[in-house]
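Labels run A, B and C following the written order; every chain starts at residue 1.
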Amino acid sequence: MNWLPTSASTFAPQVDSILFLVTIISVVSIILVSFMLIYFVFKYKRKSVNDQTPAITHDSFLETLWTVIPTILCIVIFIYGYVYYDRYTTTPKDAYEINVTARRWSWSFAYPNGKKTFNELYVPINKPIRLVMQSDDVLHSFFVPAFRVKQDLIGNRYTFINFTPTKEGVFDIYCTEYCGLSHSDMIAKVHVVSEFEYAKWESGEEAKVENAYADMAPSKVGEQLYSSKGCVACHSIDGANGVGPSWKALYGKKREFTDGSSELADENYIKNSILYPVKGPDAKLVKGYGPVMPSYQGLLSDSEITAIIEYIKTIK
Amino acid sequence: MTDHHDFDKNYLENGKGFKSWFFSVDHKRLGVMYLWAIGVFFVLAAIASFLIRFEHLSPGQTIVSAQTYNVLFTLHGAVMVFLFIVPGVAASFGNFLIPLMIGARDVIFPKLNLYSFWVYCAGSIILLGSLLAPVDTGWTFYTPYSIDTGTNVIMVTFGVFVLGFSSILTGINFIVTMHKLRAPGLTWDRLPLFCWAAYATSLLQVLATPVVGITLLLLIGERYFGLGFFDPAKGGDPVLFQHFFWFYSHPAVYIMILPAMGIISEVLPVFSRKPIFGYKAIAYSSLAIALISFLVWGHHMFTSGQSKLINIIFSVITFAVAVPTAIKVFNWLWTMYKGSIELSTAMLYSLAFIFLFTIGGLTGLFLGALAADVHLHDTYFVVAHMHYVMIGGTVFGLFSAIHFWYPKMWGKMFDEFKAKIAFVLIFIGFNVVFFPQFILGTQGMPRRYFNYSPEFAFLHQLSTYGTWILGVGFILMLYVLCRPTGPASANPYNSLSLEWQMPSPPPTLNFKEIPTVNDSTYAYGTKIEQEA
Amino acid sequence: MQLMKFIKSLAYPSEMLPPIIEEEESHFDPETVHSSAKMGMWLFLATELLLFGGLFAAYAIFRAKYPVMFLEGSDSLDVVLGSVNTVILIFSSWTVAIAVQAIQENKIKLVQVMIWITLICATIFAINKYFEYTYKFSKGIGPGTDIFYSIYFASTGVHMLHVFIGMIVLGIILKKTYQGRYSKDNFTAIEIGGLYWHLVDLVWIYLFPLLYLA
């Protein structure tokens, strides 16, 4: 069994060393306490009701001993925790800044070159990263176990995380501040890639992504996007009502809107709802649901939207 | 009123039926009623937790929907915290024992005591009334989610506000009682340690509760009148809510645990036949913990976005509160040294308390260390840590008290052997439930998650199986306690403290003559080795 | 029987007043009860101060954050009405103090007059506050307008609640003076009722400069 998640940032081994230190202290202490407990219970077991016991009320030496030793241990642990925390919170000069916005229940990332991604964070390896984060609604918390970093996101002020990834791969991003219904599905991925690949990705060669889908049916691509782009958090495919309407048998269904009008759910309606769910030309809100869906404009390409529509058609 | 009658009849015989209890100002009856009430709420919240664990038997949906899950953990937290553990030991055993231990006929304000109980009942009804539209905020009511959600937050927070009054009034009652009604000769340095712990607890109740009161009042105002203190959309600050909330809720942790520590300090000397080791250190460390606990609330917020300097300061003070706690543990251990130890059920629970509370305390060191907390905060590690302190500490302390004072409270004995089997089941079950959660948390499993990745499945399942063992243990314990075996003598353990020097159960007005105290409550053993 | 007693105690909330202990039912000697009641009341006042302490803390934090908003908000409040109310409350605190002094000299008549004056002052205070509130509402300003008004309405609102509670307490005491329940040997209730009124006054003395004169 893995006691710890993968260690994939410069901060991770530091955290692990504290965990290790405190574990050692804890194990030694608990063995000491249990030993005394069990030894005393057996050694001084009551033999008769007339057992003679000494009236020891205190012992200055012993009491000083177990005041001083825990104090010293506490100071040591504090210093360890402080030193590494100080390094973690100090922003390196050449940090690469990425803006993070959290909303119920998805993450979006904006890069210095104007690129945006959704529920997928791309970072180059061995480069200090600084996340500038803000929430659009309630509190959220950005947690990457592999990096050992965590920070809450708040509505009206920025919060920050610094880390330097040290290992290529794909790691989980969790939300760890309770944020409602789909809190546990507010999961994104961080892709740590080599500098070369990152440059390629950054320069806009999405060919890689398109290629991956090249020999797949659009509805299959849509099925993947359904979970990777976070639709899953609000829209069920089994007919259950979530935050948003279920996708089950959605295509071709009559939709009734909050403004009293209605429309059949065809391709254009679905596309419009993805791009302009709440605001914008011809935005319509289905009766019984709140205006909570973020716009996917700029986050999904036309071909991806088509793939999603094809997928919706298959859910009967 | 104080005729002969009240000394001949014991408090259980003094009137029968609902009204003779619900309108009684007798501190012993109130203590028993609190015990029943917290017992009922404990069972209710425990059922919620069993459902929560059952849900985690597999990733994704097992038995309940995500919304129901969110409601369940809120219900579990709110009922356990505000209805069970905060009033908990202090209100039940505090009421029952303090006047008996200090040699008084009642608490100083008996009527106020009854009103506190009624207020507690009213608050409970309001809080549980919210079940009509169950709340999904978690017991911490963090803003802005709690301003935003469509569930019945106003009712729950108002319930907690009302419960706060009960807590404050009980606290005032106990403090004044201990100042004014101690028997002649019962100086502060002879006072039983349970009373010291209750005194420190009462101080916390009086000084911390008003702050959560105004916080929740403002939260109600945010929802009802549109105040903007905690709502970022109106220029308010959600972190301020957390400061206010934890300014109460961290001291509340010690409101929960201190009375249990007091119980341990009573049980250990009796079953070791030794004076409590380091009486002064234990008494003063209770006060020290109470005072320092007001200055550590920020360690709940290391990742909330408060400033780095504040985090560092709170981390230092947090470690400072660990030291008096360590002192207590070693003093309890050394009380057993060269003793004559009898492993009664009450003693077993107390020893388990020391072991589990030590684990709870040590894992607190992980969370106090800044860099480690960044990783562990809001994961299952915190859940496990908190339950080791709250169940392994407070609930085991409470169970110890229930068994220890059972003869005094009911005038009956129980089946020790079966009670010990129940203890073993509870002890094993508890560890199987919560120890895996330390590992889950270290691996990065966030708390309050309806769904989880399959990689966490094994430990989650293990934890769920543990709740079944725990449940069987609870049921067996209840069964044993509901079937007394025979009448109890006045002092079955040869204890020296005042409450055992009267018949079991105690007479309605406790003492025919107020006793005079000449020695420490813990004057066990021969005096040959006693230092000057 | 006990149920009747309970219903009666609901009809006469004075029975509910915590510190008022019927002498014949007490297990303790009157001197202990008197000093205990005072100690209990001081502890209760401490909790009240902490309750307002939360509001003062919020005031300090948000004032540091939005200094201009607080200046502008403060300017919009009516200093004259505020000052009048301050004078009225301080005066009523003085009359209560006289009442507490008078009962120890067994001057029941003076006690009654002084409590009446206190109650009238409290009523004037409430009427002034009513006009202040309605004027603000008529201009479209409410508790949700901005943080300053949130503070203003929350703190004066909670204070107003205390004024009303104080009036009820004093009203009950006044009624009991007519029933001849108090004398120089039994004045605990008047003394701690007076303490409560002083708290109401004290809190306002802080609120007034913070909100009106900032």
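Going forward, a residue touches a chain if its C-beta (ideal position, glycine included) is under 8 Å from a C-beta of that chain, and two chains touch if they have at least 3 such contacts.
What you see is a predicted model, and the numbers here were worked out from it, not measured in a lab.
K.L.:
Which label fits the chain touch graph of this model best, line, ring, star, complete or other?
P.N.:
Line.
K.L.:
Hey, which chain is the most central one here, using CA centres?
P.N.:
Smallest offset from the overall C-alpha mean is found for B.
K.L.:
By mean C-alpha position, what chain is farthest away from chain A?
P.N.:
Farthest from chain A by mean C-alpha position: C.
K.L.:
Quick check: how many Å separate the C-alpha centres of chain A and chain C?
P.N.:
Centres of chain A and chain C (C-alpha means) sit 50 Å apart.
K.L.:
In whole angstrom, what separates the CA-based centres of chain A and chain B?
P.N.:
Chain centres of chain A and chain B, defined by C-alpha means, are spaced 33 Å apart.
K.L.:
For chain A, which residues are shared contacts with two or more other chains?
P.N.:
In chain A, no residue touches two or more other chains.
K.L.:
When you check chain B against every other chain, which residues touch at least two of them?
P.N.:
Within chain B, residues 235, 237 contact more than one other chain.
K.L.:
Residues of chain B touching chain A in their complex?
P.N.:
65-67, 70, 136-138, 142, 144-145, 148-149, 232-233, 235, 237-239, 272-281, 303-305, 308, 311-312, 315-316, 319-320, 322-323, 326-327, 329-331, 333-334, 336-343, 351, 354-355, 358-359, 362-363, 365-366, 368-375, 377-379, 439, 442-444, 446-453, 458, 494, 522-531
K.L.:
Tell me, which parts of chain C touch chain B in their complex?
P.N.:
2-3, 5-6, 16, 18-19, 21, 24-25, 27-28, 32-33, 35-37, 39-40, 43-44, 46-48, 50-55, 57-58, 61-62, 65-66, 142-144, 146-147, 150-151, 153-154, 158
K.L.:
Enumerate the contact residues on chain A facing chain B in the complex.
P.N.:
Residue positions touching the partner: 1-5, 11, 14-15, 18-19, 22, 25-26, 29-30, 33-34, 36-37, 40-41, 44-47, 49, 51-59, 62-63, 66-67, 70-71, 74-75, 77-78, 80-86, 88-89, 137-139, 141, 143, 145-146, 148-152, 154-157, 159, 172, 174-185, 240.
K.L.:
Residues of chain B touching chain C in their complex?
P.N.:
1-2, 19-20, 23, 105-106, 108-112, 115, 168-169, 171-173, 175-176, 179-181, 206-207, 209-211, 213-215, 217-218, 221, 225-229, 234-237, 240, 244, 509
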